[in-house]
Structure formats: C-alpha cells, structure tokens
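What follows are several structures.
Shared between the two complexes below is chain A, which pairs with chain B and chain C, respectively.
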Partner chain A sequence: MADITPDRFSAAAPDANAEAVAAHKRRNRLGLGFWIPMTWLAVVVAAAVFADFLGLFPADEIDWMFINEGPNEAHLLGTDHLGRDMLSRIVYGARVSLTVGFAAPLIGVGLGLVLGILAGYYKGWVDEIVGIAIDTWLAIPGLVILLLFSVVFGGSLGMVCLSLGLLFIPTAARITRAATLNHSNREFVLAARAMGASDLRILAIEVFPNIIWPLIAFVLIDIPIAIVIEGALSFLGLSVKAPTPSWGGVIAEGREHLEGSPHISLIPTAVMFLTVLSFNLVGDAIRKRLADQRDGAI
Partner chain B sequence: MSEPLLTVEDQRTAFAAARGLVRAVDGVSFALPRGRTLGVVGESGSGKSVLSRSIMRLLPPNARASGAVRLGGRDLTTMSEKALRALRGPEISIVFQDPMTSLNPVMTIGAQIGEVLTHHMGMSRKAAKARAVELLASVGLPQPDVRVDQHPHQLSGGMRQRVAIAIAIACEPALLIADEPTTALDVTVQAEILDLLARQQAERNMAMILITHDMGVVAGRCDEVAVMYAGRIVEQAATADLFRDTRMPYTAALLASIPRLDDPPHRKLEAIAGRPPDLIHPPAGCAFSPRCRFANDLCRTQPPALEETGRGHRFACWRPMAMEAAE
Partner chain C sequence: MRYLIRRFQRLVVVMICVTFLTFLLVNVLPGDVAYEMAGMDSSEEEVQAIRDELGLERPLVTRYLEWAGGIFTGDWGASFINKEKVWDALSHRFPVSLELMLLAQLIALSLAVPMGLISAYRPGGRADRLIGTLAFASVSMPSFMTAILLIFFFSLHLGWLPATGYEPLSAGLWANLKPMILPALALGLVEWTVLMRTLRAEMIGVLQENYIALARAKGMSDARILLVHALRPSSFSMITLLGLQVGRLMGGSIIIEQIFGIPGVGRLLVHAVYTRDFIMIQGCVTLFAIAFVTANFLVDIAYAWLDPRVRLERARG
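Right, the complex of A and B next:
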C-alpha cells in the first residue's frame, strides 16, 4: 500500500516532526527583548554587589577640583555639587535601590502568603479576620505608614524595606487567598487527606506548589514598583539618610543645579529608568514563559 | 466467620443548606468482612459518595454526622483527627472518580506515591521511589521507570487512574473504597481498571467498597450489592441473589434500564419515570413511592423498614416483587 500511494505525512513524518519541534523552539526562544534588558540588569546587579572592588572613588569623597563637572577623564559620569563622583554614587545607590527592590516585595509576599493561605484554606472565621485586617490596612494611606516608619525608626535600610514590604501585603494576601481557595477544593487535596495528610502537610505539599506561580509573577511586577517608590521616598528624604547615596536621593540633590549641571539629576534618572524598564521587560518575558508552560501542562 | 472488618451502624449524614437539612445519608447500616467486595449502587444524589466520605470521616465542616463506623473493632466516629490521619492510608483508603483532578498537577507521579510511603511507612526517599516503580508496575502502568518521573498531564485518563490506585494501595490498606472509579473513563478503559481493582483486591486480601451508578459494573465483581435510594439502603443481597431474586421495584427498575445486546433495534430505553426525591423534604412513606408502579397508600404514608429474609437478603419494601408474583 505504502509504495502505491505515497503518503506525504507518513513518508515525511520524521522531517515534519523535527520541523515542528524546531518551529516550536523558535517561537519560544527568548529574544533580544529579553536578553538586552537582562544584560543591563546583570551589569547593574554585578556593579552593586562588587562595588567595593571596582576601584571607584568612595561615594562620599569630595574632590574640590571638580564641582558640578560633566563627564571627564577622572570622573566618567562627572561630579555633583560637592565634587563627589557620580559613577560611584550611582553604583552605591544601586545597592539601596536593588536591596529595597528585592527585599520589599519578598517581605510583602512572604507575610501576605501566610495570611492568604490560612484564610483561603481554613475559610470561616480565619478568613473573616484576615479580610478585616487587610481592609483596615488598606484604609491607611501608604504614605502615612512610610512617614511613620521613617520618623519612628529613622532611615535605616532594613526599616525602609520593611515599611515598603508591609504595603505589598494586602495584594499578596488576596492573590494567595484566591489561589488557595481555588486549589484547596480540588480533589487531590481531598485525596491527600484521605491518605492521612495533616493540614500543614497539605498546605506545604499540595497547595503551596500550586499557588507559587502567581506569587512569583506578583514579585516580578512589584520589584520595579518598589524601586520607583524607594526613589520617590529618597527624593522626599524619607529613605536612607544622607550621605548614603540612593538613586532618588542623588536625583533630588541635582534638582537645584538642573540649569547649570543637568547631568547630576539626569544620569541617575536614566539609570533608574533603564533598570525599571528592564525589570518590567524581563518580568513580562518570564511571566509569559510560566504561563505558556502551565498552558502546555493542561 | 470472625468479626467483620467494617461495621457501619445507623450512619446519618446531613448538610446544613439554605433551605434546610439535606439528609444525604439517612440511617445506613451494613457490615463488610475482610477480603470481600461490596458494591454500592444508586443514581446521582442517592448518597453513595457521602456514605464513602462518612466512612472515611472526610466530611466538610457543614456536615452533621451520627452513627458508628467501626474498622477492625475501633470506632472511627469517636477517634481524634490525629488518630484518624494515622489510619487513613495504612488501614483505609479511597480511589476517587476523576483521575484528572485527584492527582496533584505539579508533582511527579513518583513524588505523589513516595509522599505516602515516606509519611506512613517511614521509608527513605530512595526506597520510596523504588517502591513507587514497583507499585506502578503492579497496577499495569507501562514503562514504570520512565513514568515515575512524569507529571500527571503526561498520562492518559486510564493511566492516571492506575496511578491513583497505586497511591491508594501503597500502604496495603485493609479496606479500599473505590468511589465511581471508572465513571470518568472511556468505556474501553473501564473494564481494565475494574479488573485491576479486582486483582489487587484478591492479591492483597483487601476488603473493597465499589461505588457506582452502573449495575453492569457490580455484576461480576462484587460479593454483595447494596442498592441505595435517597440516602438509604433499599435492598442488599449477595450479587447473584440480587439479580435473580430482585425484590425491591427500584432495583428492578435499575436492572431494566440497562440496555441489552439482544434487544431488538430501536427498542425504547427503559427509564425510571420521575426524578430523585427531594432530600430536604423526602416523601412521607417509601422514598421511591412517587415513582413506583406498585405503590399503594401504605407505601405513600409509612416508610418500610429494611428487613432481612433468608440468606442475608435485605430489602425495604411494602410490596416486594417476588411476593407480588406469588400472590
């Protein structure tokens, strides 16, 4: 039969399959839209981590020869109004921005996860109490909370992370609660209970691995948001105290010299812009990837 | 015969709903010896699944249960949740209807079986995985050493149900409840899964409760069959007796509704007229009386008791069929 009617599907099957696999891989490959921002983030993160080994000027060293200078041989990105090296202030500022950018969403998601998973799993009065607590928390303006923390605890980096992290709790808790509600009614949870699993075991082994993906997506969205908010806080002087450099702080310091030396504000603004944009692009690509994988699983 | 493995005494389970109490299981009693299979048959809403969850004590918080469930001499109804957890798996376990949802989508097959083994049997991860492969082989999953590392979505429905069975039998339970284990599967796979359950049951000398809505499923595979209607057992007998000597008109109607191969073509399918009774306000007399051809005034006003005749045949009916014929 086969040699009488050449069947293009069966005859070409190996090639067709290989081609389909290759096409699928091509479609799913992460393009320049991922790798360029990823490279930028890698540079920023590496610079922040290894700042002490880059041979930079100390961030608060004052060079009286160069005040409000544009980029030159000694100072690649110029100097600010006190003659401090802009490059080193931006690199050390990245430490603050990135620490807050990663820590605040993680703190928020960590605490929100606990509240949301308990509310979604136990329902009833636990859910009620968590719901009321979240609604109450949301009713307090975020800026007031940040101000309060800044006044009471001073501008330490840890407190900035914590106060910003607290603002992420309500959304994280709600996302967790919804995902937990969705999954704790599934039969595999009942099946686990039928096999003698305790509540804690069910939460850790059955529910948690199923709800972690929306939370990872949430963290990816919140990193750039946290960086921007920290920038705004620094700008208002509510973040880490001077002379510790932070991006928002450096931008604020350049404000008064915008006419003569716009680079003092513009360079850190551009760095922050690129970093936030990169986090958004990378986050989108990763989230799309995760969604594709999960769709493929269904 | 020694003491039965499982005794259920006057189990009643109701749910608080907006309109009132839904009496899903309304006074069920039966006993099941070790190594025997009981088929529980009934249409949707007859209380079969709630009965299985009542036995396992896996009821939602809004359920109100009373009665006694004794497994190997211990009363599950008075047990602490902790003691129950230790029992679920090694003593009693369950296979659910839909293998698409009863497996965790993000865990490998091996991890899901291994989880039970490390938890209850104290096995190391490595030993548990090796045992998982053995279990998968014993439930007839092809390439168990490859499948063990796969996720549920990579398996067909029939394969997943085999995995669910492997999990359920992993700790060698004395009692296995199969709650409509083939309802969600293709007809061709159904027989394979039922044969697998029967084989495992025989090999491991488990007692089994096979819950189904399909008389054909219980026919060759159960020692005894209990027919449920509106939360009660309305007839129970050894399988052959039930089919040969049907007493309760509801059982007869269920049997008549199975299409037969030797029927003439285009024969009208025998259906049971009417709808299942309202479980909040059940009929005053026999719950089946509104749909029963033989019902009289007595049937409609007095609920019949479940009475035992010879050879363990029990039925609840004022006008049992064979007696009708004898009159």
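Right, the complex of A and C next:
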C-alpha cells in the first residue's frame, strides 16, 4: 500500500527554522520502534541461516514417546502431534517464509519494472496492451491465482516464490509507469535524446535512477505481505510439500489440537505475528527516511 | 455516460482475457485430463473413450468458444469427478460467500469510520497514535491467524460461539448469524486498517478547507462538522477502495471458509484444487473474476453518483 499519510513535516520544511529542523531530527531518529523489531528480525534471520548448526532436533524426527507436549527442558517449545520438536520446526519454517518473503517481491518488482518502464516510455499501443494485461491480472484475486498455479506447477519452493512474485507485478508496473511518465519528458531526458542517446541508454542512465526509490519502498512493503500470503498458502497445504515445515503449515496442523495442546498453533502464530509486525515497522521507518532524504527536508 | 461506456468496453476485453487465460492454464498445462480420470491401470481404449466423450480432440479455440458461450446460457459444464453441474454448485454456494464478505466488510467499515474520524480530528495526537499502533498490529495479523485465536478464545475457552458450521437463513436469522460472527470478524479485523488509513488521510486534507473553517467560525460543534460536513467529501478514496478490496476479501474468504467449514465458493475451489477437478476450478475462477470486475464497475457508478463534479466532468470530457 502506498504511503497515504501526508508528510506532516514537508509542508513546513521550506521556511523551517533551526528549532523545527532539530525537532524533526529528533522525531525521525531511528528509535526503539526501529531497533527492537530489527533485533527480532536479526535473530530470526540468523536462526534460519544457521539452523543446521544450532544443535536442534531434526525438524521431521518423529518421537511417539513425546506427543503434544508443552514446553519443557528437552523441547523448549514443546512437541507437536507427531512428537516433532516445535522449536526446530519453527526455525526451519522460517527458512521457507524468509526465502519467499525476500525473493517474491524482488521477482515481482523486477518484472513489473520492465513492463512499467516500457508502458510509461513508449506510451501508445504498448501502454494499452500493458494496461489490459494488468487489468486482467488484477481481475483474479491473488490467492485464486496461487491456487491455480499450485495445481498446474506443483509446490516446490522455487515455484512458490515465482508464482507469488507474479502477484506483485501489476502494482510494481503501475508505480514504474507513473514515475516513468513523470520523468520521460523532463529536460535531462530531452537533452540526452537530442544528443543522440539510444532509448536503452536513456532508460538505463537517465530514467532508471529516478524511479528506483519508489520501487525500493514498494519492496519493503511487500516483504511482510509475501510472508503472509505464503503463510496462507501453506496453511491450506498448497505451498512447499510436507514434511518440509513452514509456519502456515505448522499452524494448520495444530488447529486439530487447539483444545488440548494449544501451543502447537499459538507459538508459531506468535512468531509469525512478531516477524510480520517487525518487517512492517522496520519497512515503515526506512521508508520515512527515504522519503525525507528525497524531499531534501533534512 | 461516455466514461462508463469506455469502462464497460475495457471490462469486456478484460473478461475475455481472464476466461481465456484460465481456460488455457487449466486445459493445456496439467497434462492429460482424460488419462487422469481413467486412472492408472486403464487401457488406451478407455482413455480414448473419455477423450471422445469430453470432446478433447477438437481444437482448443473451438472448445473455449463453446465453454465461453455456455457461460451466458448457464451451462458452465459439469465436474469430471462427481458429475455435479458447475453452475448449480456455484449458485448454491455464492450467496453464502457473499453473506460472509458483506458481514466482514460491515465490521471493517464500522471500525474504520469512527477510528478514521477520531484519528483525523487531531492528527499526531494521543488517540491518533494509539489507533495507528492498533492498525499496525492488525495489519500484521493475517485472517487465518486471527481465526485461530478467535476459535481458541470464543469457542474453546468461553464456549460462546461455534467453531464450525453453517445454517441457512431459513433456519432463522440468529441461527444463521451465530456461526458467521467469528468468520466475519476474522476477515473484517484485518481489512479495516486500509479503509481507516485512507479515510484519515483524505479527511485531514478536507479539514483544512475553507468551508470547514467557516463552519467552525459559525460555532458549529466539532462532532457535527466531522459527521455532516467532512465525512462525505472525505470518503471518495475509501469508496474506491471498497471495490478494490473485494479481491482481498475473496482471497481471505477462501481460507476462512476452509477453517470454519462454511460451504461457500472458496471452499468449493479449495476442494476442487485438492481433487484436481479442473472444470470446477475453471468455473470458480471465472465467477470470482466476474464478481470482482462487476463490483469495481458498480463502485465507479456509485462514485459518479456521489460526487456531482465527477459526473459533470466526465459527461463533458
């Protein structure tokens, strides 16, 4: 979602006196609201990357002696209905969520960038075709597209990243198109063209650096969204194939045992909530900074 | 009027693309449908017989045109798996999904409007920051997680509301609503944030207008200014968003119907995906697309009707 909150500071910026600038700096410093979520994310990412060296139980080791156990000394977060260690399932599940969370928006923005830049620069029938393609894509709800893809292409991690990435194309293309339209008639572009620069050169050197910032902001917003959608998909059992653990899948498995052993669902729910919230908070803080720097407010 | 006609033309083109794309995906990519239906150890003749029966030998475009023509006459084909007519299955389940989505949107709106008003009244104030934090939390809480928590507290812990089930409206209004409350809440509790933020942003702008200052100077109460003078001109973006949100609601309803065992289109689709019932998938996707595109078309009309300026400008241009 685009930042729809008007920037409270930018209006006052041109004639801002030193005091206002200082106040602005103070308010905009990356405070606890940035560093606490950042720490959490660092822990989750580190755990996911170094999962093999943490001395965890194997994520799919079934132990019939310890079924549906609450947190205890051997199993810090308890075990699930097959006696598998919850901590290790959550840590290995983080791999899936984080991979999808980072890869899907990048794929989507990459492809959307190409479409949007072509539509915005060449206009005319290229624009029309891209417009129809985007409308078509948007006419099917995202999750429905994913269900369709999971039937057709099956559920490997790569396919999940790719098909989820495709969902981000329309918005990325629209943002790029609008930004390109804005810049493609500016003086520096006309000058480059007058000097005989090729279209490719103009797009790469003159236009691209100017449209990259809104796209970076867009990627930041999309990371938590991608994690949530992957969670929904694996909740339905249509993401990566079992027994590979993923957060949505672990939550879904625990649903049957919500009455007797609620920890199986509730712990991964809490972990996923904190992670998504952290990504939202960190993304928001960085986005505000980027916006400020571009506006030249400080 | 001219504007609406152009929108309508675009709508038709988009629908053709959507149906063709769905048809292509479902019919070309997953391998041989007939082979799958016949089972692993069937003879070549049996497979051929099914192929003939389904008319799979004919060219793709012919088959598409036939199927697309059927959409208008109510013949959406029949399931390969259990021979159920796709149109019958959809028309039974669509009202259920619609009820769920309307209730969810109602919950979302009844949270978003007051919260947006309070936030916009003193932007940056204590109430605004509290609501902003709340919004951050609920946007980080996808509907299937909210659903788990709601079931845990209200069904298992307190035992107030059922965790699953569905009763038709003919069983009485309360009997119908009771099992719908938790699912609608689970959906609505994530959707309200976008509406609230949009309303807040637009209202902050509107409250700077001269006529608001005039109303204030005349001594009108803040509540009256917010509700009577500022709300209507502030709600246009939010109304556009209501249309766009239909897509998210549909996606959400698929999961929610699955969790709460509600017999809607979403559950039908997931079941069709599990059983690889291709023609049913095709029907569900088409219905979702038609509903989504129609909802947005209606929003466009509502928009023109709400704002006379839009109506006039578009009539001229």
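Just so we're on the same page, the second predicted complex is superposed on the first by the 268 of 298 C-alpha atoms of A that agree within 3 Å, B and C clash if a C-alpha of one lies under 4 Å from a C-alpha of the other, contacts with A are read in each partner's own complex, and residues count from 1 in each chain.
Criterion: a contact is a pair of C-beta atoms (placed from the backbone, for glycine too) under 8 Å apart; a residue touches a chain by one contact, two chains touch by 3 or more.
Remember, it's a predicted structure, so these values are computed and weren't measured experimentally.
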- Taking chain A as the common reference for superposition, should the pair chain B and chain C be classed as clashing or as fitting? fit
- Message: Quick check for you: in the superposed arrangement, does A:129 touch first (chain B), second (chain C), both or neither?
- Response: neither
- Message: In the overlaid three-chain picture, which partner chain does A:190 touch, first (chain B) or second (chain C), both, or neither?
- Response: first
- Between chain B (first) and chain C (second), which does A:42 come into contact with in this model arrangement: first, second, both, or neither? neither
- Task: Compare chain B and chain C by how many residues of chain A each one touches, and report the one with more.
- Result: C
- Determine, under the contact definition given at the top, whether A:206 touches first (chain B), second (chain C), both, or neither. first
- Query: Of the partners chain B and chain C, which touch A:198 in the superposed model: first, second, both, neither?
  - Reply: first
- Just chain B (first), just chain C (second), both, or neither: which does A:141 touch? second
- Note on the structure: Once both structures are superposed, the least CA distance from chain B to chain C in Å comes to 13
- chain A residues within the chain B interface of the complex: 124, 186-188, 190-198, 201, 205-206, 209-210, 297-298
- Can you list the residues on chain C that touch chain A in the complex? 10, 13-15, 17-18, 21-22, 25-26, 29-30, 123-124, 136-137, 139-145, 148-149, 151-152, 156, 194, 197-198, 200-201, 204-205, 237, 247-248, 250-252, 254-255, 258-259, 269-270, 273, 276, 278, 281, 284-285, 288-289, 292-293
- Task: Quick one: which bits of chain A touch chain C in the complex? Just the residue numbers, please.
- Result: 1, 4-6, 8, 132-133, 135-136, 138-144, 147-148, 150-153, 224, 228, 231-232, 235-236, 238, 248, 251, 255, 258-259, 262, 265-266, 269, 272-273, 276-277, 280-281, 284
- Contact residues on chain B for chain A in the complex? 56, 58, 61, 82, 84-90, 93-94, 96, 98, 101-107, 115-116, 119-120, 151, 153, 164, 167-168, 171
